[in-house]
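Letters A, B, C and D mark the chains as written, and numbering starts fresh at 1 in each.
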Amino acid sequence: MLEIATVFDFAHDSVIFIVGMTAVLASLGVVLCSSPIYCALYLIGHMICLALLFLLYNAEFLAVVQIIVYAGAVMILFMFIIALLGGKKEIQENSFHRAMALTFVFTLLGELYLSATVGQTEPIKGDIPPELFGTAKAIGLELFSKHIVAFELASCLLLVAAVGVICLAKFSFAPLRRRVR
Amino acid sequence: MGQEFVLLISASVFCVGTAGFIIRKNPLIMFMSVELMLNSVNFLLVTYSSFLNSLDGQIFALFIMTVAAAEVVVGLAIILTIFRTRQDMDVDHIDVLKG
Amino acid sequence: MFASSWLILLFPLLGFIGLSWYGSRISRNLVGLLGSGAVGASFFMTLVTLSNLMFLPPEERVGQVQTLYQWVSAGSFELNLAILIDPLSVFMFLIVTGVGFVIHIYSIGYMHDDPEYSRFFAYLNLFIFSMLVLVAAADFFFLIVGWALVGLASYLLIGFWREKPSAVLAARKAFVMNVIGDVGMVIAALVIFEHFGTLNFIDVFAAAPDKFRPNDDAMLLITLLLLVGAFAKSAQLPMHTWLPDAMEGPTPVSALIHAATMVTAGVYLVARCHVLYELAPVTMYLIAGVGGITAIFAGSMALVQNDIKRVIAYSTMSQLGYMFLAMGIGVYSLGMFHLMTHAFFKALLFMAAGSVIHSLDGEQDLRNMGGLKKVMPLTHATFLIGALALAGFPLTSGFFSKEAIILSSYHAEMGNIVFWAIAVLTAGMTAFYIFRVYFYTFSGELRSPDAHPHESPMIMVTPLLVLSTLALLGGFLGPWVDSFLGPVFGHIAEHPHDNALESIALLAGIGGIATAALLYMVSKERLALFKEAMAPVYDLLLHKYYVDEIYDYLIVRPTKAIGLFLEQKAERDGVDYVVDQVGLQVREVSHVISLWQSGKVRTYALNMIVGVVTILLFVVFM
Amino acid sequence: MLSLIIFIPFIAALGLIWVSKENQAAIKMVGVGAAGASFALSLWLLYSFDAANPEMQFVQMFHWVPALHINYLVGVDGISIWMVVLTAFLGVIAILFSFSQKEGLRNFVALMLALEAGTLGVFLALDTILFYVFWELMLVPTYFLIGIWGEGRRVYATMKFVIFTLVGSLLMLVAILSLTMVHYGATHDVTFDLRVLTLTHIDPATQMWMFLFFFVAFAIKIPVFPLHSWLPHAYVACPIPALILLTGAMSKTGAYGFLRFCLPLFPEAVESFAAVIGLLAATGMVYGAWIAVAQRDLKALVAYSSISHLGFIVIGIFAHNGTGIEGSLLQMINHGIIASALFLIVGFIEMRAGTRNLNELSGLSKAMPVLYGTFMLIMLAALGLPGLNGFVGEFLILMGVWTSSMFAGLSGVFVLMGGLSIVLASIYMLYMFQGSMQGKPDQNSEGMTDIGRCEFKLLVPACLLILLIGLYPKPFIDRVSPSVNSLLHLEKTVNLHAGEESDHH
């Protein structure tokens, strides 16, 4: 049993490792591809990887939401827009800006790594029974009791967003004249 | 896998998203980069929620997703409007707020 | 005992206030009556004061101070509103109110047709009031008040015809010149206060001899500063230019300014402050010198002027030169005596000239006159008396006073041969130019055909007659003046006798008259020849030595130019420019900073990342 | 009572919001009523004021911000009493004259009342923070008055004025706060009460910069020579009713600040800077006068003449002796009366002739004999004719300067410069007077009418005061003297180390 557990742990860990690395690679793909359509596809891949990871970390409900909302709704929206605007490849120039950006991003990465290895913070142990953890029921209970105000606010936000989008879409804008300074 | 690994993955994705946001000029891709960054944070929240056996992280992630969805919808509508008025997909050309 | 002396000042003041408020609402006759009556009443009160004073023994006559109320007390500076009654001030009261009264009467006739009759009388009363304040003041402060009020009144009267540009200019010139003098006086008062801690005449004069030795710096400073005021008011070199221009006012004004009031203020000041001046012999020499030079300088200009009033104006300057000469050599009572006789005959001359001008409908150019002897017998007679007195013809008033000064200029302690020579030369000139005017005006034929001269009305002639009597006989008052003023000056001036010098001076006067007669009566050709020969000198004199032009270039224009320069360069291109530049530079810098705001989202993002990284660097490594 | 004087105009200004814009009669009633009530109270204040008492009188105190010991603290002494009366007086005149304003009368009157209230507050406040608040409160109405109702380059003028003043007052705020800190360092006691702070001995080095900060703030407000750049623009742009308060009352707040803050708080600094400040003030006197000679615009001419006259006031204050300071205080009253009357006259002329340019004006005396007479009196007072009020002040100031020990041997120079500026004053005043009033009347003066009875009544009080102060200045000076004396002989009782010593015991 012990060995099986170890093997299972090892398999579990390796799956997490592989999926995690895939997620990182997919994200790299998003940034490095020049054509928006590929970027979008890589992003979908990345989202799915994350959903898997969520599953692996006992968050079934969120994994499902991730797939439905992100990989589904949001990315479909992206696809629509790309289809509407045409997936033109962009030309990369402005190397100074790029170099600056990369320098600082790598520094940021280094700093984040450093802070990641600082050590464990004091754990806050929750009181959720393990069998309930991450299920829709648990989240629902939590959401509708403790976070009810925030929940309602979020729904307001979505409503406002919907109205806003309708406004933006409905009124046609005359082409702006470039302001000459 | 321990916390270090999770943190590394999350940090890497976050930085890649940041780099993408700064380097790319296509507003769509910049948006995707923002999604990457949000996702990396979401990931961290979910994993730590599991480590700490507390659902707060997941709830937080859920809200982030909600907000992100709203943000993407409005953002894309704005991008669409800008494209309709300017016929141009390069964010560098949109500098009306220049000082 | 002397409380009623306040009335001397009060009457003209009431006249001024009443006439300026109600003048336009009451009849002309009443205006004239009130205006003259105020001064007349003042003259009467002066006589009362004089009799009161005469009842006192001589040594008690000085230093009668009448205080009305405490005027101010600020810090260590305290001052009462007070008047000083002593022989000197009463003497001046007599001249001011007496001659002023006569001039007022004369003005009733002279200004009869002027639309602003009441305003004129209001100003005249103000003038008399100011002059009375000046001479009544018991301290330097109110002396300055009167000093400046006289300047104001002269400004108002010279510019009386306010729609005439030249009158406006002349008035401004007089006023500014007087303000310069005022400032000198103010500073003098400050110095006096610094050294004596008071401004009262009596205290200052009492303390001065103990506190200072002759020619101490402070004494020189005080006397010189006072002298600035005196010279400005009495039109001595180099501050004389306003006086001839003051002829722009109506003729009674000229008479008042020149004879009785304003110009004598400088002489009065020196007489009043003689204690200080005696402690500053250097200043005394300066006064005598400037007086002498002014006398000859003004006399020479008078030789060639063609405006009847201008000739007399320059003669005033010249006679004032005599008075200052007398002051400078320390014979104060002689100076005051000449001041008095001069007041008589100069007022007479001006008013007679005014009578001529009046009858010729405003004509002032000598060359257009002539032959008035027959038409205006009374005016002619009085003018002749005035001219003789001015020329120093024996037994007229001018003879006594002028001869005495000329003699003293050699014989007095501080006199010398140079002063004497100047005085004699000037006496000759004086006789010449006044008789030139006389001959031009009264003898020969009338040169302007369309004029209809006529004798002036009685109201104008009567004052002439009164004054001519005084001008003729005033000389015999000399000894009385000496003894009356004696207590003030501490000694009675002695009249030296020197037959040789006296006869030379007399000859100079008669010679002048004779020359004038020779040139202007007998032979016109000789005159033309003479003019030809002296052309450059003639030009120089006619243009008044170009002093006006020199002042214009040296002072007036630079003042305006500096004003403009300061406005354009210092203000607009200097201070304003610097301030605006500071503002503009701030704006420029902020513009440069604002370029950082490229408007590009990616740049902003990069900046944000840079910021985050930097902060994290601190967090991680610190 | 002091609070009533301040807040009646202020409340009326707020109350005007509820009055209809069309209801002219009500607007006028409220405006005059409030200003008049304030003035009447100030007269009563003057009547019940104890002239012999050098201390603050009628002191009122409420806790305002108790946590920081900031109090609403007002009081009046000999230095401020005349300023209060003057401000309330000018407030009435200015509001009466502002009825000639065609547009936006309601807001105009409301802002004028607010300006008056702010100025009165500055003169009465004894708490440094309260002083600062009123100081800034003056600025706001002025900003709108010039910016909205102004003429010419009004936006430029307003910006310049506001920025200048703000720079100064922010420096002052720093100094106010550090003053309290110094006092706290000495006694461990937080207070903004000026009467207490005055007693604190401040380290000379600290005094220097604190003095400079205060000085700059006040010098801008007056203004002193190199900082005057805002004045000509603001004055020329400012509508005349506001100008009356601006020049008559507000410019005095700076001089008042010198007396209330600089002199008692920083005696050592005053001693070391007096000569420099004297030089600046004397330069300003000559400079302003000389520029005024070159002006053709009547308003600008009076504006520059103000710079010159204010220079007199400053130099008198820093002469630091009784004569000089009392002369300056008297001159502050004089200048308030004379300059505002001159501006009124400029306003009358402009209303009739339609221009202020001397080149286009001539011979108005024929059409307006009454204005001619009053103008002459005021002009003579302005050029310092002895016997009128201007001279009394100038004479006392010059005497103070001459006998002052503060100017390091430059007294004589300053007096000479003062004399020069008096001579120049006579020149520009005559330019102004003769240029507009005398000379040949031209065509456009044909149909002009003289000033009416109401307008004349606005000038009468000024004329009467000119004569009264000129002939009998003693009652004015007597109320001032005790306070000035106590100001000059102030003893610093709170030493820097007093607090520490008390800790030991």
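Just so it is clear, a residue touches a chain if its C-beta (ideal position, glycine included) is under 8 Å from a C-beta of that chain, and two chains touch if they have at least 3 such contacts.
Please read all numbers here as calculations on a predicted model, not as lab measurements.
*Asks:* Moving only from a chain to one it touches, give the least number of moves from chain A to chain D.
*Replies:* Step count on the best path from chain A to chain D: 2.
*Asks:* Any idea which chain sits dead centre by C-alpha averages?
*Replies:* D
*Asks:* Name the chain pair with more contacting C-beta pairs, choosing from B-C and A-C.
*Replies:* Comparing B-C with A-C, the pair joined by more C-beta contacts is B-C.
*Asks:* Measuring between Cα centroids, which chain is at the maximum distance from chain C?
*Replies:* A
*Asks:* What's the distance between the Cα centroids of chain B and chain D, rounded to whole Å?
*Replies:* Using C-alpha averages as centres, the distance is 62 Å.
*Asks:* Could you tell me the distance, in whole angstrom, between the mean C-alpha positions of chain B and chain C?
*Replies:* 96
*Asks:* Mind checking the centre-to-centre distance between chain A and chain C? Centres are C-alpha means, answer in whole Å.
*Replies:* Computed value for the inter-centroid distance: 102 Å.
*Asks:* Compute the distance, rounded to whole Å, between the mean C-alpha positions of chain A and chain B.
*Replies:* The computed centroid separation for chain A versus chain B comes out at 7 Å.
*Asks:* Pull out every residue in chain D that's touching 2 or more other chains.
*Replies:* Nothing qualifies.
*Asks:* Two or more other chains in contact with one residue: find those residues in chain B.
*Replies:* If we look for residues of chain B contacting two or more partner chains, we find 18, 22-23, 25, 92, 96, 98.
*Asks:* Provide the list of chain A residues touching at least two other chains, using ranges where the numbers run on.
*Replies:* 97, 101, 105, 108
*Asks:* Can you work out from the touch definition every pair of chains that touches here?
*Replies:* A-B, A-C, B-C, C-D
*Asks:* Using the touch definition up top, name the residues of chain D that touch chain C in the complex.
*Replies:* Where chain D meets chain C, its residues are 160, 163-164, 226, 228-230, 232, 287, 290-295, 321-327, 330, 363, 365-366, 373, 380, 383, 385-387, 391-392, 395-396, 398-400, 402-403, 415-416, 419-420, 422-424, 426-427, 430, 434, 437-441, 472-474, 477-478, 481, 484.
*Asks:* Applying the document's contact rule, which stretches of chain A touch chain C when the two form their complex?
*Replies:* Residues of chain A touching chain C: 97, 100-101, 104-105, 107-108, 111, 114-115.
*Asks:* What part of chain B is in contact with chain C in the complex they form?
*Replies:* These residues of chain B touch chain C: 18, 21-23, 25, 30, 91-92, 94-99.
*Asks:* Okay, in this complex, where on chain C does chain D touch?
*Replies:* 20, 69-77, 141, 144-145, 147-149, 152, 159, 162-163, 165, 168, 171-172, 175-176, 179-180, 182-184, 186-187, 189-191, 193-194, 559-560, 562-564, 566-567, 570-571, 575-576, 578-579, 583
*Asks:* Would you pull the chain B residues touching chain A in the complex into a rising list?
*Replies:* Contact set of chain B toward chain A: 1, 3-9, 11-20, 22-26, 28-29, 31-33, 35-36, 39, 42-43, 46-47, 49-56, 58-59, 61-63, 65-74, 76-81, 83-87, 89-90, 92, 96, 98.
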